[in-house]
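Listed after this line are the structures, all set down as structure tokens.
Next, two complexes with subunit A in common: one pairs it with subunit B, the other with subunit C.
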Partner chain A sequence: MSLFIQRMFDGLAEGSIYALLALALVVIFRSTGQLNFAQGEIGTLCAFFASTFTLSGLPVWVAILLAMAIGFLIAAFVERVVVRPIEDRNPGAVIVALIGVFLAVNQLSAMFWGVDARSLPSLFPTNADSFFRIGDAAIRWERVGIIGVLAVVVVLLFLLFNRTKIGLAMRAVANNQESSNLVGIRVGNILILGWGLAGAIGALAAVMLAPSAGLTGTLMLGPFLYASVAAVLGGLDSPVGAVVGGLLIGLLKAFLIGYVDFLSDMLFPVMLVVLLSVLLFRPAGLFGTEKVERV
Partner chain B sequence: MSENLLEVRGLSAGYGQIEVLHSLDFHVADGEIVVILGANGAGKTTTMRSVSGMIQRSGDVLFDGNRIGSARPDAVLRVGISQVPQGRGTFTDLTVEDNLRAGAYSVKGSIAADIDRWYDVFPRLAERRDQRAGSLSGGEQQMLAIARAMMNRPKLLLCDEPSLGLAPIITQNLFKILGELRDEMGMALLVVEQNAGLSLQLCDRAYVLETGHIVASGTGDELLNDDTVKQAYLGGAG
Partner chain C sequence: MSDVHHEGDSVTLDDGEVEMATEVVSGKSAGGLPVFTPQHGALHWLGRVLVFALPLAYLLMRVFGVTGIVGGGWSNSGLGLLADAFIIAIAVMGVNLITGYTGQLSIGHSAFFAIGAYTGLVLTQGRVSTPFFGDENVWDPGWTIPVAAALCFLVGCVVGLPALRLKGIYLALTTLVFVEAVRSILKYEKFEDVTGGATGIKGDKYTPPEYVFDFFGIKLPTGLDGRADLNQWMIYLSLALLLFIMLMVSGIMRSRIGRAMVATRDNELAAEVMGVNLSVIKTVAFGLSGAITGIGGALFGLKLGLVDADVPLFGLFGAITLLVAMVVGGAAQNWGPMVGAVFYVFVNEIARSIGEAPADYEAVFTITLIVLVVVVMVVVARYVMQHRNDIRANVSNGAWKAVLVVVGSMSALVAAGVMLLGISDGGKLDGLGGVIFGVLLILFARFVPFGAVGTFRIFRSRFVQIIPKPPSESRAAKAPEGVQVQGR
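And then the complex of A and B:
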């Protein structure tokens, strides 16, 4: 039982990383209908920045906020300079351009930070005795901290989307750009803002993961794949779905590794099965909206 | 200079290399209901989109002392012009109430009183305030589109084919409401329509638009009794 609880927290913490990344994907997908392939890599680049900031003596939380700001700027830049000009001419080509951005960002971080693993301190205590007990289960504070970060992000996003004028504009643009223009929303600015927001959330996912996973250029490669499956599972247009999907995938992974020995080396094939099952039997995902409308 | 609320001179517009509107002149006076009548492809929607700043255009557009011939949509809204787009264009995934809030995006200050007011005018919307707009019927969506446009507190309301896809009885009711809005608020209306019968009865004046040219104009009654208009838009015999 104690092992089960430990694995559950492992899964939820890892799932929180996927959930953050999936949220970033969903925020962009809702507004532009694009899957941002560069999302993970932008996060990795930001984690490298954070590591350099902490080495120069800045407190970890300041380094994290700066990294998120950089993530915001990079993603906003990608929207304005890469995505929008191409989308106006050929929407289908954007996906190829984003894979290009993926490669470019990946190489950039290798160029400036090399290929050796860097360290990034955690925001939370990571000493050998930094845990608490539930019965016999030892739960590391870092795990709880990451889950807490996800909770804070979810609450802030909920307030942004549902309680502010900017959030209303973001939902309006996600739904109907033409009508958004007609009510006076500067659609271009809102798109930039949405991408920037996703960039910041993606950066947060990376700096949460890096301390335990080790900071290398491939930090977000696996998590990006898990997050993509999570986003599809939850529904690509649903922020709630991204969170639930991320946590489910995290738990699935932790329990497979823990309890199903022969599958623990085949996690990606398992994810492929999950992905295909969702697409075949529930294409809109658990929380996504199926497009049924009266005219 | 003139007492006209909206004064359009030499308005041309199109898409890419193709010019759709060829130097249109028309005007709307304060509190007036003006209809632009045209068949499919005449350029009605392009005319609306030119006034509201949704597309590139050339020519002079004067509104209430402002030159808006090259203004962007958000600037056009702020001087007091709202548009109800063709096909209603409601935010289908948003609730009815959020649609109204979005309509007031350019309005500074409290909008609670406006929302209550439009719920009074359209009680159906009040009943459905928490429902997704996409779940409303066509007629209800048209009401929502009008209420959303009115949230901007316009001096001029542009309506792009409000009768499209609606049953005649609903269209009739809709036009009645538009007329009442004008009477109560002194607001002006510019409506483009194919439905000549109803819209000419509603309006003060009308223009006939054919392939991007204005080919006739007059009061609603004059055009209702005009032989060419009867032929083209009122099913012949009249």
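And then the complex of A and C:
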């Protein structure tokens, strides 16, 4: 039982990372209908920046905030310079361009920081004795901290979307760009803001993951795949779905590794099966809206 | 056969799509320019080989230190690169079929490449029992190629069917996960007997046959010296297969299935109304494209003689590589994959040699910084020039915006400079090739949507006059009464 609880917290912490990344994907998908393939890589680049900042003596939380700001700028830049000019002319080519961003950003980090693993200190205590007990199960504070970060982000996003004017404008743009334009919303600025927000969330996910997973250029490749499966599972247009999907995928992964021995090396095939069955049986995902196409 | 045709704002450009509607006349155009007469058939193909493939091959051989064409003086690494280029071109043909012609973006074709390579080596090493074929399970290398194609076709159909029922990003996403899934399966320890697990398969290299064919005593020798001339043989084999596949694809594109594929890409709804079964067409296209890429993979495995799941071309970056080659060469262009693949191999080799050599980093970074400064200055100057009236009159806070743009660009420049000079503590230029290809992908997506070959064709079409067939008399006569046939 104690092992079960421990694994559950492992899964929830891992799932929180996926949920953050999935949230970032969903925020962008809702506003532009694009899946940002470069999301994970932008996060990795920001984590490298954060590691450089901490090396130069800044406190961890300042480094993380700076990294999030850089993530915001990079993603906003990508929207304005790469995505928008193509989207107007050739919507199909946007994914190709985003894959180009993926490759360029990934290799940029290899170019500047090399291929050896870097260290990034954690925001939370990671000593050998920094855990608490539920019954017999030892729960590390780091895991609880990551889950807490997800909770804070979710609350902040909820407040932003539902309690502020900018959030209202963002929802309006997600719903109907042309009408939003007609009522005086500056759609372009809102799109940039949405992408920037997603970039910051992605950077946060990367700096949360880096201390335990080791900071290399491939840091976010796997998590990005898990997160995109999570986003599809939850429904690509549903923030709630992203969080639930991310946590579910994290739990699934932890329990597969823990309890199903013969599948512990076969996580990606399992993810493929999950993805294909979602697409077959419930293409809109658990919380997504069924798409009704008007001809 | 030049065929630029306009649909509203977007322009589609396809091989062999418009011949039915247009007729190319020879002679002199109205402006007095000579007009080419494209012919279809053997001569036409021979012409294309002469025009494109041979000069390209010759250029590459010269660049990579191949001095003679026959006999000695071949640079083995140069030959290997050329063989790689043709093999990758075959794989890119597959991507082109599903992404270029059918319009379904796949970022997972390196999985088929891996499956093909493994199939070739598993069969030639006799790692699975095949009761009716092969000499005690050990297959002749040549016969593994069709098996790889068939296997990839099946896998493609199974994976494609659920994903292709939906549009756009879902297939891209599924194929992305598919690559990693295939790699995990190939590494899986329970299948170690067949796939070799994490260490992969270390086999012998393919030994080129002594005779091209040996038919009832009629023998045509290849003149190759066994395994030493492997690269040379792989060039012949892969170029022959590449040309065959190009011929096949151009045939498919003229067939009912091919037209259905193009129709699916251009307008799914219209295609469905016209009686195209979308999921069948997409699945068949995906399976076929997988099969073609699998052929490339089999050749790759046979040439290399050893495979493991961590070969770069088998993973996510391999898939992106194939996409880069397709986009650079030109989507939906039959000659695009060859041009793109040769370009890729060529540039990749240069970038790799720069990355490996003990480069003068300061010089590299200084040059990069200078380029960045110039780019930023041009951007700022352009912005200011475009909005100079707004700025002067302070319309809609034009002056503030200009200040914002200038300050933003300058801070970006400072950040880039800090990054370039401060962070690179003796790092290698490892990612140079990747950065180049990533930026190329972005630039081509925006500025060169038809790729190198497509752009060349547009350029050429200035000199070739296409005269549309007049609407035929009989069609007008058959129109039901009361319907006005619009005359031109």
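Simple rule for what comes next: the second predicted complex is superposed on the first by the 291 of 295 C-alpha atoms of A that agree within 3 Å, B and C clash if a C-alpha of one lies under 4 Å from a C-alpha of the other, contacts with A are read in each partner's own complex, and residues count from 1 in each chain.
The criterion applied here is as follows: a contact is a pair of C-beta atoms (placed from the backbone, for glycine too) under 8 Å apart; a residue touches a chain by one contact, two chains touch by 3 or more.
For clarity, every value in this text was computed on a predicted model and none was experimentally measured.
Trainee: Per the contact definition in the header, classify A:Glu178: touching subunit B only (first), subunit C only (second), both, or neither.
Mentor: The first partner, subunit B, only.
Trainee: Now for A:Ser212: first (subunit B), second (subunit C), both, or neither, which partner does it touch?
Mentor: Touch status of A:Ser212: no partner.
Trainee: I'd like to know which partner A:Thr126 touches here: subunit B for first, subunit C for second, both or neither.
Mentor: Neither subunit B nor subunit C is touched by A:Thr126.
Trainee: For subunit A, what residues appear in both contact lists, the one with subunit B and the one with subunit C?
Mentor: Common to the two interfaces on subunit A: residues 295.
Trainee: Which residues of subunit A touch subunit B once you look at their complex with the stated criterion?
Mentor: It is residues 165, 168-169, 171-172, 174-176, 178-186, 289, 293-295 of subunit A that touch subunit B.
Trainee: What part of subunit B is in contact with subunit A in the complex they form?
Mentor: Interface residues on the subunit B side: 52, 54, 73-74, 77-78, 83, 85, 89-94, 98, 101-103, 105-106, 134-138, 141, 148, 152, 165.
Trainee: Can you list the subunit A residues touching subunit C in their complex?
Mentor: So the residues of subunit A touching subunit C come out as 34-35, 37, 52, 82, 85-86, 89-90, 92-97, 99-115, 217, 221-222, 225, 228-229, 232, 262, 265-269, 271-272, 275-277, 279-280, 283, 295.
Trainee: Under the touch definition given earlier, write down the residues of subunit C that touch subunit A in their complex.
Mentor: 10, 103, 105, 107, 159, 162-163, 165-166, 168-170, 172-174, 176-178, 180-181, 183-185, 187-190, 269, 316-317, 320, 323-324, 327, 419-420, 423-424, 427-435, 437-442, 444-446, 449
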